[in-house]
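Next come two complexes, and both contain chain A; in the first it sits with chain B, in the second with chain C.
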Partner chain A sequence: METEIDRRIIIFILASVALIVLPHSGHIPISLLVFFYSLLIWRFCVLWDKKWIPKKWLVSLLSAIAIYQLYSLNQGVFGRDAGTSIFITALGLKILESNKEQDFYLVSYLAFVVASSQFLYSQSILMLGYILFVTCSLFAALITLNTKNNDAKPAIKKILTMTAQAIPITVLLFFMFPRIDPPDWLLFNQQNTAVSGLSDTLRPGSISKLGFSHDLVFRAKFKGKIPPVQDLYWRGPVFSQTDGLNWTETNNRHFLRQMDKLVTYGQPSHYTVMMEPQDGHWIFTLDMPTVYPQKLIKNGLFQLLNPTKPKKRKQYEITSFLKFNTGKLTDTEYSDNTQLPAQPMPEVTQLVNELKGDNDSAQFLISAIFHHFKNNDFSYTLNPPVMEINPIETFLFKARSGFCGHYATAFVYLLRVANIPARVVSGYQGGSINKVGNFLEIKQSDAHAWAEVWLENKGWVRFDPTSAVAPDQFSEQNLESSTAEKQKNFEIIENKNLFNRWVTRAGDVWSNMDYEWQQWIIHYRGEKQSKFLSSWGITGIKSMFYWLTVLVFFMLGLFTWVILRNQKTNIDKVLMTYQRFCDSLAKVGVIKRKAETAHDFALRAKQLRPDLANNISLITWSYINLQYKKDSGIDDFKAFKKQVNSFKA
Partner chain B sequence: MFKNIRFFKRDNTVEKVVDLNHQRVFILPTNKGLSFLVLIAILFLIAFVYNNNLCYLLAFLLSSIFLISILHSYQSIFGLRLELIGCNKVFAGEMAEVNLLLSNPGNIDRVNLNIGFSKSNKLSLGKQKQKKLTFFLFVEKRGWHRMNKIVISSTYPFGFFTVWSPIRFSKKYLAYPALASDNCPLPMMDIEESVEEELMNSSIAGGDDFYGLKTYQDGDAIKQIDWKSFAKGQGLYIKQFQKNATASNQQLWLDYDFTTASDLEEKLSQLCRWVVDAEKQGLDYGFSLPGFSLQPSHGLNHYQQCLEALALYRPVVID
Partner chain C sequence: MDVNLSTLFDSANQVILGKEHQIKLAVCCLLARGHLLIEDIPGVGKTTLSHTLAKLLGLDYQRIQFTSDIMPADIIGSSIFNASKSEFTFHPGPIFNQMVLADEINRATPRAQSALLEAMEENQVTVEGVSYDLPSPFFVIATQNPSHQLGTFSLPESQLDRFLMRIQLGYPDQQAERNLLTGVDRRFIIDELQVMLPPERLSQMQNEITGIYTSPALLDYVQALINFTRESDEFNYGLSPRAGLALLTAAKSWAYMKGGDAVLPEDVQTVLPAVAGHRLKSSNSNSDLVVESLLQHVEVS
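And then the complex of A and B:
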């Protein structure tokens, strides 16, 4: 195309491309970003003054710089970051030397690839909305480029129509196109955006301020009723080894075979756990999980683990029995869970003896410890003093304030001194109900630590010593952990305010939307897809392709009809309608001669049938108008048709 | 095998009016369209490798838009109506003027149309609008000519597809021989002068040679107009004169044999020029080609008869 492309068209394209690259600014190296936008601005300068056109050797030099830059970023060639960098660099260089129509087409195509790469970084609804917007803008720019019409308005109108028509087909393709998981070797090393959650070491003494974020850890959707809050303990790391300061997980967790048989009773609870990207292996479930996906491992600590750290959102179908008996203890378990770092201090032994009295029952001691915490000025705080040396003793006898970690570790320590097997379990407790989607959202602030004690004939039993000092935590609807306690009270007061209730409600709606989004869009693949499609009677890849083809062609047929229907020439339709009028007159003997004009025919017909004179002139007048008046539209035709239809000779 | 496929059918000429319906509109992807398919393939690859549903969604959206754009491309010329208004007769070596009427009876604007015989012209047409188009075709040889096929095409909206409709009107047009250059005087100029003299005399004398008045027709010589009656407001008349026998052998005869050129076509060109000049000067002229002759006369009819004879003249070849 020899003719020069209008400046405004080029600006439209460049602006669209700039918008497409923009969200990458958060995650590509800053040097690359600067490089790209400098080239883009350079191209803009060329628009205003030809003297800015880069010389050939300069373009080569820039390419060399770009290659060196990519090389020095050390990202390799494959993978998400490397691919994105390469495409953005190529896009920048291509923009600079673009001049002809096909150059800009290539630029647009590259920009589409960059748009797609945005989804590798963010899969939010907002990002999809943004990408849809810039895609439409780029398509509109392509229309202006192709038509050489620098008026963007008709192009935008056109692309909006086309997108509206394309969306049903897109939806169909999305739900019906069979997803096949890529082979493992194709999964490039993806950088994670994992939430750092619970750690595998508990060190309550060294924390002076407990600050958990409100980041979402996982969601749980129950089939049926949500269990009561005192059962909502989501099991995570289990700490049975301690050196007095740190509590760590034992290495002996794979003795499942030697363990006693698990007995469950009561009603099972079925639920789906949808995990956000995690740093750890733990899948947080309610005690005691019995049915779970095969790829997960259940170990001797009754934890569910994912052998590969899930760096992406994943969901698992779990069945748990809330009532169970783990049976007898193995020797290893016994020694692990009665282990003490050293000989306990005399005052600790004395306290245990005091609490125990002459009753040897474990249960008595447990309730004694609970009473001790309750009645001796122990308090719950999120800002405890630092207890670096002998943390447990300091907590028990000096500080007397702390959070769940302090209470759980001290509780377990005291029991172990009395030679009762006990361990600390951490995880999450409770969660907040999303009223819109009826699922639980568990946040970092719901992190908790509690204790498990092995009791004769009962197996491992959960005790939460923190509840001795913060009993409110479990009252009524409060599914929030203690971190949010103050907020909760605050909310109750403010709840009278309609606006605040609306804000809460809107938050729930948004959160639910996000949940459904995760469920139906992000995780729609594999099993989920086959399950959904089989509910429509479509099973197997063959039948998926069959129905996909049939439905896509059906839709295209429909659109063909919609789009091409109106194109039947109006003149023909008018003629045909007029012919019907003539036919009905012919039936009563008034026949139009071939050479007769409509006007002459009307005059003759009126003479022959004076009773119809009014209608005949009306129809003839409309017909002549439709045929020869310039601005007659579809409404005029409809009126004409109506007249003819109601005409009876 | 291909006989029944309309693409290969020979005779798809149209008389006067043609509607661009599904039988006349063709569509094929362009290079840009094919490379867009490659782009979609790349997007699918990215989606597959990263198992990313939103990447799939974008790939699906682009595919859907690609599919929908087939229909919109098709729509861009579908339903147009092209009507041949006519084309004038022309001398070889000049441009023939073809007039067409393109109308858009549909309810959408047609933008970015290309229409033309050999090279195309850009054009857009609003809904329910029509436009008169004039094309000039260069004509090289005399005789009947078939009109080249005219192509209406468009790549709207994205340029991924090109839709086109080739149209060939069955109407032929006639080209007269090329006009010889100005500097070949009519044969027997002396006669012409004498006739003129005679005309003058007769009009002055008002003698019996004056035959009567006749209503003016196109092509009649201006010199013969009876201005007096025109001035009286009686309309345009021309004076007719009775030609006497003595004048008849002095009449202007445009004869093939009088031509000075050597080559057949050049001779015809010269004759052509004579006919045009004689008609312009309002003379009566006889016309003669081997095997064809017309008695001296003038006027549009006579003029056209001469020119047509020249256009279609085929020398008899004797073996």
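And then the complex of A and C:
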């Protein structure tokens, strides 16, 4: 006899399914989403009135509509998006016609597939938590459906136990099971590609927009101390060529330069750069990277490039020397970096001559320009006036306000007029420290542009002309003050009130969790796995399988043992312990009759020995629980044993 | 105890006075999806009890008075020739009701008796090759006069086995008798009764009862009881496997009524006389004492 399924269970299942599909709303076409939820709502209506049950032909019609819809989306049947759409549509149709118990089992299985497909789109901790929650609720619904017990509590308890039992095995398989990196063509196209980044053209004005975005660009985790802020210049596009308006990278960057041998000094910094999905191919590193992954290319501009423009988070191990000498300049470099769009205007030539005076040294001119910026009402602003015609001249003589891009380009331009090789470098400066994970987070708002000048015997040297006007930008020119500035800069965060400090702290904890999650879960593959496992002494795929098998069997054995031990807790042991209790009562003349149940015996014994009533009740209650009730474990038995041992008649 | 159940018992106890335990057993039997046999002399309230239960459970009720000349067709219905359509149409008999009172079942001939008992077992009726499903839920409450009365065909053991329980009502005690004599006519009270346990709730309860836990220790006890009836010389024959199942189901139902989530030995002991009484035949004494001695001989584990 088919019994009708409780309405509450169906509501529970429908709600779980609705929640499972919800995060897909950004991934599947809106028409499909509407279609799915209408079917779901329809099924809800059926719960209240049977007359809404769709006829056979109507279901066929709906299926035809669904197939047409899928066909018209032109997604085909392969691939992530197509698969997800098909599964969700099928799920909706199945829900509508579900009526019997087995239908709902099928619905649940489909829903599990849809839930797991979520991870093809997002692998964040939040998503994991959400999916875990909804699948647990679906599992709980399955349990109630199966046991016909409408009480939610035991179902929830059961699913929690099951999840807890599954965790060790999951963890084991996750870390131990050999991972093979899939070939690129097997990977699905990710839609959530890059955020905006630095562009390969600098037109003073394009960077100010970045000043406000707080999107994460990359993280850097140092082995050892984080270098001082004034050294944290993360190198990006390098601009040598200019037409007076736009600054672009030189075409010669692709040639591996016949470089003078690079000389490095001091202690190297070792760090890991974890890039967010990006549009450009620059890997932002500190000058001067010397050790880096093989697939990266270091070109003549000292940039590190990833030729593939990764669409996913990727991380790289880098070693940089912060002190170095790049040596001599080639002819190509010289002509690239002294190039001018046209003959400079007379007032510019005049200014340069004024600044350099009789002194021909580059060093002197540089400090003169810095003084010029400092002493002539130049100011720093993120909202400069528009300078479309002759931007550099306008900036130098009229506007006298701008941001890093203006200062860097004007600085380089002036040096080039004096025939000194110079170029503009853009990238990021500084970053904020995550105190929990002790790594730097570099956001779009840290974007910056500075200058590089080639000096005799020193090679390329970095100068930050913006620091002449903006106190919180640093360069080698004002090294001492900048250290003080730096302290101040970090202290500002500390000085805020307690609440703000907690908010900052919580933010740090969260970012750190996300970082570790990326490090250990999402990026745990191939190389990382073998590294991790070899730290436990497991090397090679053979021993990996060997250990996996051994540990899985060990764990299963352990579970079996625990379950068996808990389940029976040896009825004989319970009986024997209870017998001891009966014996001690028998000594004082309270004898249990053969046919008497524990309960009846306790009633009689309590009448005969009212002084022991409490203990008798307690022991009898424990005994009944152990012998006849569900879910009594080893701990209950221990408690019972203790009670009996301390019982004295 | 469940609220529905306690109000049900309160109402039933107002109609049938002083028979709390028997009423509980009767309800326990229905919750366990079993059929009930009431055995007693005429006039102690067998009919009243069944009628009251039908009313309180909101079930279609039909009484079939068994007589020595009753025919199977009088119970299950028959096909009658319809001249206008020139075909036979089936006219369902009184058995097509959710609760059927088979009154004085042992006054009928074995042929009529077995027609009823087959319907009880199969939950369907077959007439001339066509099967008709009986309604759901389907309960039979049969009453039986003591077999020593005149004009009775006592039910064979195989058919007694079909009843989950057999209860006896017995005379009311002094106080109940007095209240009965001075009170309103029972028939009026029955007419006024409200449905206390609607069929949906009943089937829900029946489902919940299947989930009542039986521990290994308790199963040991039940098996020990069954084995004792099979091995001891006291009984002509032991309890059948069906009887064992019946005992366990009834005990679950009883535990559920008490509000427990697991069967305890006292639940088994309480239902044992009603479940085993009509299934056991002693070689030397009457059935009540048989069950009593069975309980005394088997150790509770």
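The rule is simple: the second predicted complex is superposed on the first by the 531 of 649 C-alpha atoms of A that agree within 3 Å, B and C clash if a C-alpha of one lies under 4 Å from a C-alpha of the other, contacts with A are read in each partner's own complex, and residues count from 1 in each chain.
Methods note: a contact is a pair of C-beta atoms (placed from the backbone, for glycine too) under 8 Å apart; a residue touches a chain by one contact, two chains touch by 3 or more.
Just so you know, these numbers come straight off a predicted model, no measurement behind them.
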Partner chain(s) touched by A:L120 [first = chain B, second = chain C, both, neither]: first
Chain B versus chain C as contact partner of A:N376, first or second or both or neither: neither
First (chain B), second (chain C), both or neither touched by A:Q294: neither
Which of chain B and chain C A:L575 touches, first, second, both or neither: second
Greater chain A contact set [chain C / chain B]: B
Touched partner set for A:M162, first chain B, second chain C, both or neither: first
First, second, both or neither for A:T147, with chain B first and chain C second: both
Partner chain in contact with A:A598 - chain B first, chain C second, else both or neither: second
First, second, both or neither for A:N251, with chain B first and chain C second: neither
Those residues of chain A which chain B touches in one complex and chain C touches in the other: 147-149, 568, 571
Complex interface listing, chain C residues touching chain A: 123, 136, 203-204, 207-208, 210-211, 213, 215-218, 220, 261-266, 269, 295-301
Chain B partner contacts - residues on chain A that touch it in the complex: 80, 83, 102, 105-106, 109, 112-113, 115-117, 119-120, 123, 127-128, 131-132, 135, 139, 142-143, 145-149, 154-155, 158-159, 162-163, 165-167, 169-170, 173-174, 177, 179-182, 186-188, 190, 521-525, 552, 556, 559-560, 563-564, 566-572, 632-634
Chain A-facing residues of chain B, complex: 19, 32, 35-36, 39, 42-43, 46-65, 67-69, 71-72, 74-75, 78-79, 81, 105-109, 111-112, 122, 128, 155-159
Footprint of chain C on chain A - complex, ascending: 1, 3, 6, 147-150, 568, 571, 574-575, 594-600, 624, 627-630
